[in-house]
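In what follows, subunit A forms one complex with subunit B and a second complex with subunit C.
Here is the complex of A and B:
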């Protein structure tokens, strides 16, 4: 029995954010500077272990990590397990990139605050919660991480509690999350009462289309779709995204993305064998189309910069649900070989893409709000003269979210159009129309806020720390733009294999 | 200028706090043998804080200490979990070794406290965390609801409301 650090990486991805969250409180009591350093160290260590885990998964395949066992390789279905496979790698990479960029950005944003340790603690707790949610292989453990994420991110939304609106948004988010958490617990109870197991792998073997199974599936689907801000359960998202403190905004969006990852894991890994995949896939497609269309039409009429991007984010979630829904609907049929797999590729590639460019858009919008104290598009204008770098970063994000040909958003959307067209041509038409409207909205925002004569709204560029946070994300977007085939073959394909191949035993 | 209750209440509180805290510590330490554990024991200890806040209207200057203690409790918990990393995280490396909390269990719940391994230590860590955190929550709530404010201020706000 030799100690192999690579096999232990899933637990460090979880332990590092939690440990450093509380170390940050302690260290900040002595010096604010050292507190920030502790926070940064925690983020970078998490990122480092995510990298190690993904490297091991991509070279040697996945494994199961059993907590409290004699050895990592011990299989004990009654212990808490973590699943380290291609899908977990995809999810944690997306989360880690956004977290590191937003964390570095927050140093500049919170420069003038007297004490920022609570923000850092909540940020790291949310990071730990989301990582736990996507890694866990145990239903009850999933509920625990769901609650950790909900509580930490609610507190994060209400962080600027001197503004009444952020408290209202947080209350709305908290009520929905708490009710959602209880419903998740109820559906876990339904499954546990029938089969007496909580492990994903064991459950997927015993699900047998009883009425209670269907009820549990419906409840889980609704709640995780709600957390993923899918229409018609999206009403909390624009409030929470719009009112969260600047650097936390992309991170609240990442908790939504994490919930979507969990939803896909449950649908494919746990229920995939025992359900009517065609029907559930069709439901996902309908939810996706609704999210896409309603999200983008609501974004059309927004004046508030952050709320506008929040509605666009709802609409982007629709693309992923639609594409993966097509993959689920065609699972285990001939059509899966023809276009279902392509749809899955497009959907999962869009997830990692969307996580990065949406964070970039949010951070550059927050930079504008931070510098000018204005949120309404009617008041903004001519910012490109004084803030050239922010303008450039926003442009990269805007082109990418609109799916303009060379950008990374285009590569994933093209995969989605191609494959969804073969499932039902109308879906591809709707996706194209939504994409065009998104481009129109981004054009409006860009012309309104950044171009035109200088109105003297700002005295210069944001601090270098904030710029470097955005620069990291821009670099990643450009990397995805240059090598989309590499991302699909190296990161997305193992994720699809892990997702459709069932949970590791 | 803090608002206090009468001398009788304060004296009885002084006497009561000691057994309440001891009962809480008992619940924490026997968590692996009897019903209870870190969370429940910590909540009992925090109820002593509630009594102190009501009787004295203040906790002195201990707010900063409470959040420090809370962080230490959580760091302790994660550190104990990480110590088992030689096998896996949360591995109970103390159980059955004969060292601290490493006694072997004989029969059905013999009530022997020197067992349980890291479970006992983790109960202790959770107990520290929960008692400090709940005390802090009670402190913040009592401040917001005005128990800690002097009486004069409340009467002023009331008269203002009447005028409006």
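Here is the complex of A and C:
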């Protein structure tokens, strides 16, 4: 049997970040330049394998990658599975685009840092952890990658440990993540004690409506919603996003998005068969509406640029939870054909959209903070004169997050408005109002920080490396803007089929 | 209810006590070190829960001896517990190192004093 590299891509997507995480810190001992190149190579190789895996998924369909025994039996414990299907492709593509852009950006940002090698190592470890979380096919593995992501991303938040505030934010995040991880472990125990299996596919066949199943579902839902920074468990997010070192900020946001991907996988793939989907879908919708509304309201009163975008990110998470919640609530009914599928399309398209434009917003905000050393909107002003490119990138991100036509954010939000209107008209009204408030907030930020007379806050544009990191994301946003149909039909639709079709055995 | 069935539920009662004690400490104590001690209690509770689940009456430990392989207990839960212990050490170490840095920056480890992020 020949070695089919395409078949083994899921392993490489995990192996590359983990291998290069430690190679980078080793090479950096000899030369900083080579260390950076090792880091970049690790990122690009991960992206390359994500591309290969997605290509095979989109052409030949998904497959299950197994470590150990190939046969599926309940007593076969030397078996770990990775699920390489359309949903995993959507998740890993989103993660890879953001990681590569933020990674390139970090070269410019960390130019004068002495210990940048530690940053690169933690960054790659987080990347490996998130990829593992979205690819894995059993709960044991999920717990391990959950903890890898928690430890690496918390250490990343505390990277600028000469500031007390970043350590404080990291401690909050870490306490929540650790308690969350233990609750996940507890609910894994509840499921294992009943059925003796941890594999998603085997579990989904045996889940019934026992009290313990409901308890496990509730615990998992709460913890992954917490990691996805959904209101009312969003308290850690503004602190962690606000205090994380600049280039890592979009990546901490991506770990939240990764948790949301895992939550959807668990709800549809593991619990989807045995639970009351209408009720759980309604809970997801309620969480989504709360996140949208509270997030945007808190963003209104923020003065700190990064915290403001963090709250907007909480509110964007709400859109996805609401849309996918509508999809889950109508699953297996006639209504799913009418509007549920459209809601899923909107929700999942919004996830990949949001991952990209939010990263762009964070990176351009960080560019401003990096150049001026100011974070408060009251102090900023007139930056467009000296930083024309950053201004342009910020504008693209701002228009997209506000859902202004024809930007990519508009295409996904339009799908959401259309479909949730048929589920409940009030939801569509709330979504529209939140969008309008988001536009107002972005307008305020743009006028405050970038327009007006030049106040001499900065001596010029950020370095070309940082600009190119933002340019990659801008290019992707514009690509999504120009070809929304292509993205929906080629990337999002296979993901929905994989999600609702159940986990491959 | 026989004595044996009471004894069999004893580990689970201990799990509930450990877990709730830990959760109580995390939620209501103001000293950061005590919060981390609460997390450690919860970790032990979760580990004990998994180990108790893995116990099956009349089956053998999963070590390859002359016993029939179908009579052996599945070692999944044991593997999970070992993994969880290792992860627990890592998270506790990271949490404690955060507390050291917080003490350096804030001069206090009381949660009332450690709230600069909200300003």
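The definition used in the following text is that the second predicted complex is superposed on the first by the 494 of 505 C-alpha atoms of A that agree within 3 Å, B and C clash if a C-alpha of one lies under 4 Å from a C-alpha of the other, contacts with A are read in each partner's own complex, and residues count from 1 in each chain.
We take it that a contact is a pair of C-beta atoms (placed from the backbone, for glycine too) under 8 Å apart; a residue touches a chain by one contact, two chains touch by 3 or more.
The shown structure was predicted, so the numbers you read here are calculated from the model rather than taken from an experiment.
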Contacts of A:280 with subunit B and subunit C, given as first, second, both or neither: neither
Which of subunit B and subunit C A:196 touches, first, second, both or neither: second
Greater residue coverage of subunit A in the superposed arrangement, subunit B or subunit C: C
Contacts of A:228 with subunit B and subunit C, given as first, second, both or neither: neither
Subunit B versus subunit C as contact partner of A:26, first or second or both or neither: first
First, second, both or neither for A:360, with subunit B first and subunit C second: neither
Touching partner for A:181 - first (subunit B), second (subunit C), both, neither: second
Residues on subunit C engaged by subunit A in the complex (per definition of touch): 19, 23, 26, 32, 35-36, 39, 42-43, 45-46, 49-50, 53, 70, 74-77, 79-80, 83-84, 87, 90-91, 94-95, 98-99, 101-102, 105-106, 114-117
List of subunit A residues in touch with subunit B within their complex: 3, 8, 11, 15, 18-19, 22-23, 25-26, 29, 65-72
Contacting residues of subunit B [partner subunit A, same complex]: 64, 67-68, 70-72, 74-75, 78-79, 81-82, 84-92
In the complex, subunit A residues that touch subunit C: 75, 77, 140, 143-144, 147, 150-151, 154-155, 158, 161, 163-165, 167-172, 174-175, 178-179, 181-182, 185-186, 188-189, 192-193, 196, 198, 238-239, 242-243
